[in-house]
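Below are structures written as structure tokens.
Next come two complexes, and both contain chain A; in the first it sits with chain B, in the second with chain C.
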Partner chain A sequence: MKPEYQRVAYYPGCALEGTGHAYNQSTRAVGKALGLKLDEVKNWNCCGAMEVKNKDPKVQTYLSSRVMSIAANEMGAKVVMAPCNGCYHNLKKAEYDLAHDAASREVVDRISQKAGHATYTAGQVETIHALDWIKDGIGEDELKRRVKNALSGLKVANYYGCMYTRPRHIFPEKDRGAGSESTSKPHFMDDLLAAAGAENVDFPLKTACCGGAHVLSDSDTSTKLVLNILRAAEAAGADVIATECPTCHSGLEMHQVRAEKVLGQKTRVKMLYFTQLLGIALGLSPRSVSVHENVSDALGALKEKGLA
Partner chain B sequence: MPIHEQSLIRPENLKTHDKLVLDGVDVSGHWSTFIEPRVVTDYNERIEEEIAALPGGEHVHRCWQCGSCTNSCTVHAVNPDFNPRYWIYLIRMGMESELLRDKDIIWQCVSCNKCTYACPRDVFPEGVMKATSHWLALKGHTPKSKSMIFDEEFTAQVVQTGKIEEGRVIRGFFAKTGQPLLQDWLIEMAKRVARRLPFRLGILMGLAAIFRPRTRGWGKAREAITEYVEAQESRQRKALGLEDKP
Partner chain C sequence: MSALAEIEARLESIPAPADSREAARSLLSDAEAVLEHWITARGETPTADTREGFRLLALHRQGTRGEPSFNACRETCREIAYHYNLVHAQPASADATHASRMMAMLVRHLALFVSGKLQVAGLGEFCCSSRPLRIESA
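Up next, the complex of A and B:
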């Protein structure tokens, strides 16, 4: 348990103000229900996502560093929590580069000075994912005590995607033995949902790629990759796929529809953010965790199990 | 899993005679198969250096050809022609014409970083794929890939306002790549969303599209980033032996 996780600087990121709106809503609702406090990073900017990195990696490092600089220097925060895998990954990557690469430090310092804010120095804040926030801010035992509507009978495939665990070097706290997250077989989401009463299925594609980087620019490849994930989840017996990334989540939803319309391949598994599932387990209404915003009929899946 | 090998024999260079008798011996069919030899004369020894000068390609020289990248590759699993190990080999050997045979698929790397995770030499193959597709476009071997156009649209908006609005990025991307926004599956998705979406949220999303989300006081950051990016682009073009301005 880490008490410093109970009040964190919150970096929602661009996707959570758009397609990932439901993830934002449900993250805030779950935080409130669990008594975990969020202070939104003031006047934040885009972390650079994958697109800016492809254009120039150091611009992405600067963009991410600005977010951490505001959290550290203007808000006095020690911990920044980002629920989006892309944001989380980028902040971690910027942290690593600023700690290890003098050229990155030089560029970030130069742009920060010209932009008129304090340069972020590696080590000022710790960046965590929403999974770490709940897992180490509340813990499974306490979560279990607060469950009012256990997700019993709901079979869940936990899907973590790429950016949460790869590449390994930017996540020095992972793969540290008992209690730490694993980069090859991540389990934090499994742990939390098990505490909420769900039945986690043995899902082999936890860290497979959904093709999110090319969700629109190479849709055929993305559809194939997504279909593979959806089929594997169904073969494992899952009713729903729990997600923890807005890009993965909308990628799975979009390409489930695309596979159906373009390839005639229909799959029935439904997608929910893990925060939506936790919210339901904590007794929140489906509406308050925005289940109605999901493209797949997630509400139907919950109703079928008597959870909504 | 085995290391995925790329055969250097081109299928069109395999010759077989269906009917052939030599000195009274019938060697029809596969008995007469031979490989037409080919000689590579167009080594371009600068490729490795040029790719190393582009972001992501810096560590290409570290590769010792173990094949872990191709072995773990997401795209290789759906298209066996997608072979990062082989391309890194060609880059290091300077075999430009061989590399150009695959020029239209290299951009399809999905940046899942499985290769980077698996690589024992810290080559960062994902970065090498990005550097290579930039190299291909900068040298004029390929048009800008759709992925690159998407990256540019996205980056331009971030640099402009500090944030992105997804709808705007998508519209810009579709317009620049000449794709209709009204594709069957996109319409179907919009329908499914609209079915359950409350009226109020629809209005909020519409407002976000009109009043663009932006970071306050972003002007100086925009200037500093633009200045940096221009200097980088000019440096990269010089490293590739290109004119300063396209």
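Up next, the complex of A and C:
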């Protein structure tokens, strides 16, 4: 248990105000139910996502550093929590760049001065994912104690996507032995959902590429990659795929529809954010964790198992 | 070496194998062929070395050199090796049949990823590999 995770600066990022709205709602609802406090980063900006990073990695480093600078220097926060894998990854990458690359520090300092805010210095805050926040802020034992509607009988394939663990060097806290997260076989989501009563299936594609970044330039490859992930989850016996990233989640849902339309391949597995599943287990209503916003019939899957 | 499209097509429908060990060997060979395509397309000769007992893992390491985005299929390769070992540990069990089915899906994923990367080199480059600064300044 880490007391510093009880109250964190919350960086939702752009996706959670759009396609990932249900993730935002369910993260806030679960935090409230567990007594974990979120202070949204004031006047936050885009983390630099993929587009800026592809054009100029140092500008992405600056954009992410501004978010951390506001949290550290204007809010006095020690921990920033980002539920989106893209944001989480970019803030960690910026942290790494600023700690190891003098040219990045120079660019960030120059733009920060021009923008009129304090320059972020590596180490001022710790960036964590929503999985770390609940896993280390509450822990499985306490979570188990608070479960009112155990996810019994629900078979879950946990899909972490690529940016939660790669590249390894920007996540120095992972692969540290017992209790730490693994970059090759991540398990934090498995641990939390098991504590909520779900049955995790052995799913070998939990960090496999979904082709998400090329959804427009090469849609067919993305659809085939996602279809393979969905089929593998079904072959593993899963009723639902739990996600922890808005890009992964919408990619899986959209390509499931596209696979049926374009390739004639129907899959029945449903997608839910892990925070939605935790919310249900904590006794929250499906509406309060925005299950009705999911594209796949997640509510139907929950009803079928007597969970909604 | 089978063409990537042939491998993809073969993996589209995998019947329950009569001999799981033989099926696993064939799938491992397909996975190696997929990586050979990637390495050959980069103008290199695929290594015959092994890493942790698998040529597949040595090929993956070779394919990643100078191309960090290729790490996006590292765990897929490791899972293929793991499932190969699962099949060989208990070849006659029902678990072996399941493991061989999952292995087929893993090899298919690898084939799709590599064929995608051969068409659009940037696949995976500006997401998980993070396009390291050293490439920009090289």
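Keep this in mind: the second predicted complex is superposed on the first by the 308 of 308 C-alpha atoms of A that agree within 3 Å, B and C clash if a C-alpha of one lies under 4 Å from a C-alpha of the other, contacts with A are read in each partner's own complex, and residues count from 1 in each chain.
Basically, a contact is a pair of C-beta atoms (placed from the backbone, for glycine too) under 8 Å apart; a residue touches a chain by one contact, two chains touch by 3 or more.
Because the structure is predicted, anything quoted here is derived from the model rather than measured.
With the two structures aligned on chain A, chain B clashes with chain C. Once the two complexes are laid over each other on the shared chain, residue contacts for A:K261 go to chain B alone; chain C is not touched. By the document's definition of touching, of the two partners only chain C reaches A:D101; chain B does not. Within the superposed three-chain model, A:D218 lies in touch with chain B and with chain C [touch as defined at top]. Within the superposed three-chain model, A:R231 lies in touch with chain C and out of touch with chain B [touch as defined at top].
Measured by the number of chain A residues touched, the leading partner among chain B and chain C is B.
Within the superposed three-chain model, A:I111 lies in touch with chain B and out of touch with chain C [touch as defined at top]. In the overlay built on the shared chain, the residue A:S182 is in contact with neither chain B nor chain C.
Once the two complexes are laid over each other on the shared chain, residue contacts for A:E253 go to chain B alone; chain C is not touched. Contacts of A:S152 after superposition on the shared chain: neither chain B nor chain C is touched. Legend: residue contacts after superposition of the two complexes on their common chain; A:L205 is shown touching chain C, with no touch to chain B.
Common to the chain B and chain C contact sets on chain A are residues 50, 54, 57-58, 162-163, 166-167, 208-209, 211-214, 217-218, 221, 224-225. Contact residues on chain B toward chain A in their complex (touch as defined above): 55-56, 74-75, 78-79, 108, 110-114, 116-117, 124, 127, 130, 145-152, 154-155, 158-159, 162-167, 170, 173-174, 177, 184-185, 188-189, 192-193, 196-198, 201, 205, 208, 213, 215-218, 220-221, 223-225, 227-229, 232.
Residue ranges of chain C in contact with chain A, taken from their complex: 68, 71-76, 78-79, 82-83, 98, 101-102, 105-106, 108-109, 112-113, 115-116, 119-120, 122-133, 136-137. The touching residues of chain A, counted against chain B in their complex, run 14-15, 17-19, 21, 43-46, 48-52, 54-59, 62-63, 66, 107, 110-111, 114-116, 162-163, 165-168, 183, 208-209, 211-214, 216-218, 221-222, 224-225, 253-254, 257-258, 260-262, 292-293, 295-296, 299.
Across the complex, chain C is touched by residues 50, 53-54, 57-58, 86, 89, 93, 97, 101, 103-104, 162-163, 166-167, 170, 184-185, 204-205, 207-209, 211-214, 217-218, 221, 224-225, 228-229, 231-232, 235-236 of chain A.
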